[in-house]
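Right after this note come the structures.
Both complexes below contain chain A, partnered by chain B and then by chain C.
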Partner chain A sequence: MNPSLRWFALFGTLAILVAVPWIAPATWVQFGISTLMLATLAQSWSIIGGYTGYASFGGSVFYGLGSYGTAIAMIEYHLPFGVGLILGALVAVTFAVLIGLPVLRLRGHYFAIATLALAQVVPAIVSNLDIAGRNIGLILPLLRNDALFYESALGLLVITTLSIWYISRSRFGFGLMAIRENEDAAAAMGVNTTLYKTLAFAIAALFSALSGGIHAYWITYIDPGGEFDITLNVKMIIMAVFGGPGSVLGPIAGAFLLSGVSEILSFKISSVASLFFGLVIVIAVVLMPRGLADLWHRYKKLGLHYFSENIRENRV
Partner chain B sequence: MVLLWQVLANGILLGGLYALMALGLALVWGVLNIVNLAHGAFIMLGAYVCYYLFTVFHVDPFAALPAAMVVLFVVGYSLQRNVLNLIIRAPMFNTLLLTFGFEVVLTNLAQMIFSADYRTINPSYAGANFNLFGATIPLARILAFTTGLLLTSCLWFFLLKARLGRAIRATAQNLIAARLYGVETRKIYAITFGLGAALAGAAGDLYGLVSQINPYIGGSLTAKSFAICIIGGLQNPLGVVVGGIFLGVVESLTALYLGPTYTDVASFGILVLVLVLRPTGLLGRTA
Partner chain C sequence: MNLILEASNLVKRFQGLVALKHVSFGLMRGEIMGLVGPNGAGKTTLINLISGSLNPTNGEIIFEGNILQQPAFRRARLGIARTFQIAKPFSGMSALDNVAIAALFGSEGQQRTMHHARQFAQQWLDFVGLAHRSSMRADSLGGPDRKRLELAKSLAMKPKLLLLDEVMAGLNQTEIDEVITIIKKMRDQGISILVVEHVMKAIHALCDRVLVLHHGQNIAIGKPSQVLNEPAVVEAYLGKKHA
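And then the complex of A and B:
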């Protein structure tokens, strides 16, 4: 595709996405909101997991903190939604910095597991707090305006993607990729690895928290099990990895494709939908381990050999 | 004082079972560098093997133990041989995702075949217990504890002495050197993964004896097994025993003193602390 055609396709898709609340039925809009949020989460995971190479399983923590922060600000202090959203994001970013400093010293599986443990600890603490409504949860003021929520979710996704696009071609982004490829070498070349990693973690937390805040106001009822849902981590990771982590548009493609497939399946044959989802993961990991973005670039040259090439590269 | 002793005894007995749960995960992690997210699902399958042998054929859960191990060995061996071996050299993330895919498939298959109902395995001695220095010890739990420790020491001797066990350790230490000495890595990988699954099957068999089962128990059991591996370290099977008993005792004590809603905070909080302060585990050598 030549560049002008590519821009045309990009803006065309964006225009269609913006128009969805006015042209599509209400169920589509609701499906759209949750898909856009998952896409934002996949994107924010891509910053820390894809570009920096730190496999975080803690995205749900920041999503939940953002959503609870927004809810508490609105209910306890009667602040407007916008202010609550910012406060929620602030809580999440502060937590990301404080927890990131010790946890980001761990590498590989160990980092993954420490964040997974955090994803279990934080909701357990929240469900013991009076201000957060303990296990029962919180009820937010009702606002029936799906179009507004849809457009805010879309806006957030666009902002997240633009930030990633900007990061990916900045000095900061190159520093993150250097950390992913070889952290010791990056440090030797003068990259302030602690600062870079913590910043990447905090940026990922920021976008997850904003997404959580919008979700809280949209869904109006939040509880620890729903907002700190651990499977959310797995979902965002699968979407990012399926799409191609460390590419600007890959995670979005992964989120839309996988959400779409799972929606169609659960509509047609609900019992085997999840089963099929699992099989898709297995097949995708074996045949296209670097995601859709890589398939897109190399399939044209290699054709069907692309798949056997991947297997040959990684088997014993 | 009696209460404290009772709680400690409960924790230690639970810990023996926890150790067996984590053992298979630690073996696969240490040798293949795969963190198997389907480990809990393997435990769940082992529990169902035990359940069906007991309810349909009236086989005692302890007699069903070898059957559960064999079934799970076959499952694990074929998964590694036909699927995992294809991507074993890919970045760590891909193996993690792949085993998560296994988890989803196995859990949903189990739900379709076994239904989502809670099941219990109730042999005649399920209610039997005896008194030990004032604490009530259920017979089934102490049997499960002993079996867990027995299997753990069997694995230790197997890895230490047996020819196959040494081949497994050699592969873990240096893949290329092991290959040069004629170790068939593809097979060793499959056998190791099969062994890990078989241990999960044994743990599941015993878990079904002391607790209710349903197709969804896998996720939290995987998380617990993780925590135990980290607390104990991956160097030797003894670490898993220490980690398991430690976690069991901590969970029981937190439930007593802070309340049952804090058990997850305590166990996973400790996990994070151990990771940050002593990444090689409580027993591990300091770097």
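And then the complex of A and C:
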């Protein structure tokens, strides 16, 4: 595709996405909001997991902190939503920096396990705090305006993606990729690995938390189980990896496609939907282990050989 | 004496194992010093201490008159570059971007833009004879080209001191000669070099002096032609009966 056509396709898609609340039925808008949020989460994960190579299972923590931060600011301190959103994000980023400094010293599986432990521990703490409504939860002021929430979620996704696009071609992004490929070599070449990893973790936390904040106001009732949902981590990772971690648009494509598949499956055959969803993922991993972004780039050259090559590489 | 690097009484202990025992030496500006010794003698440990990958248990390292205590990345920015024994390039990236990262983060890297870094990187790919491979992915390069890439990366950091850890291992005679030529050209640029090597031909061709380590101790230092014939050195390498 030539560049001008590509820009046309990109802006065309964006224009259609912006118009959804005015042209599509209400259920579509609600499906759209959750899909856009998952796409933002997949993008956030891609910063730390895709670009930096640190497979975090702690995304739900920052999502939840953003969500609770926003809710508490609005309920306890009667602050406007925008201010609450910023405060929630601030809490999550501070937590990411404080916890990132020790946890990011771990590598590989150990980092994954440590972040998974965080994802278990933080909701347990939150459900014992009075200010957070313990395990009963909190109720936010009601605002019935799905179009507004939809556009906020879309705006956040666009900002997240633009940030990733900028990072991917910056000195910072190159430093992150160097850390992913070989951390010792990166340090020996002058990359401040501790600073860069912590920044990447904090940026991922920022976008996850903003997404959580919007979610809290939209859903109006939040509880620890819902906002710190551990399966969110699995979802964002699968979507990012399916789409192509470390590419600018891959995780979005992954989130849209997998949300769509899962929605259609649960609509048609609700009882065995998750089984089919699992099957879709297994087939995807076998046929295109490096995600949609890789498929997009190399299918043109290799055609159907692309799949047979991957099967051979997987030794299935 | 114009020393760029000075090690005094370096000790490195890994729990029970003493990898380096009171090693002291000085490296002159513009000098190429060989670092030889049998496997496990502590050569790579010494490189790791200088580059900052490890901290010494005791003793100090002085670089351009200042004691080195900062983390590895700051030493890299001061002008200490190294290669790794097992060349592990940034595999998913092109050869050019591999070198561009060095150009972005090395000693003058902070002032360079992405565009400049890539231009500068291309210059060093030319220097090591990899210009025609610049857009290839690093993991599709063969063994000898990976060694060249390692050299280009360390050069793009604009080092004052270069630590080369067995860059010739696994190369054939022709390739070894090429790398010797490259290293000589590096010295002509004013870079001081500490080179760990098992290829004796290269040590003779390159080094002004050699430092021989055995069981973590400095057992000899001096001109290669003299030192490498000393009985203690021959014994360390080949066993007592050859000495």
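One rule holds in what follows: the second predicted complex is superposed on the first by the 313 of 316 C-alpha atoms of A that agree within 3 Å, B and C clash if a C-alpha of one lies under 4 Å from a C-alpha of the other, contacts with A are read in each partner's own complex, and residues count from 1 in each chain.
The rule we apply is simple: contacts are C-beta pairs under 8 Å (C-beta built on N, C-alpha and C of every residue); 3 or more make two chains touch, one makes a residue touch a chain.
These numbers were taken from a predicted model, which means no experiment stands behind them.
Peer 1: After superposition on the shared chain, which partner residues are touched by A:55: those of chain B (first), chain C (second), both, or neither?
Peer 2: first
Peer 1: In the overlay, answer first, second, both or neither for which of chain B and chain C A:313 touches.
Peer 2: So A:313 only meets chain B here.
Peer 1: Kindly classify A:192 by the partners it touches after superposition: chain B alone (first), chain C alone (second), both, or neither?
Peer 2: In the superposed model, A:192 contacts chain C only, not chain B.
Peer 1: Tell me which partner A:285 touches in the superposition: chain B (first), chain C (second), both or neither.
Peer 2: first
Peer 1: For A:73, decide between first (touching chain B), second (touching chain C), both and neither.
Peer 2: neither
Peer 1: Under the stated touch criterion, which partner chain does A:181 make contact with: chain B (first), chain C (second), both, or neither?
Peer 2: It touches chain C, and chain B stays clear.
Peer 1: Once the shared chain is lined up, is A:85 touching chain B (first), chain C (second), both, or neither of them?
Peer 2: The answer is neither, since A:85 touches no partner chain.
Peer 1: Of the two partners chain B and chain C, indicate the one touching more residues belonging to chain A.
Peer 2: The partner making contact with more of chain A's residues is B.
Peer 1: Which chain A residues qualify as touching chain C in the complex?
Peer 2: These residues of chain A touch chain C: 169-171, 174-175, 177-178, 181-182, 184-193.
Peer 1: Could you please specify the touching residues of chain C with respect to chain A in the complex?
Peer 2: 51-53, 71-73, 76-77, 81-82, 84, 88-93, 97, 100-102, 104-107, 109, 114, 153, 157
Peer 1: So in the complex, the part of chain B that touches chain A is made up of which residues?
Peer 2: 29, 35, 83, 85-94, 96-98, 100-105, 107-109, 112, 185-186, 189, 219, 223, 226-227, 230, 261-262, 264-265, 268-269, 271-272, 275-276, 279
Peer 1: Touching chain B in the complex: which residues of chain A?
Peer 2: Interface residues on the chain A side: 49, 55, 102-103, 105-106, 108-110, 112-114, 116-118, 120-121, 124-125, 127-128, 135, 230, 234, 237-238, 241, 271-272, 274-275, 277-282, 285-286, 289, 311, 313-316.
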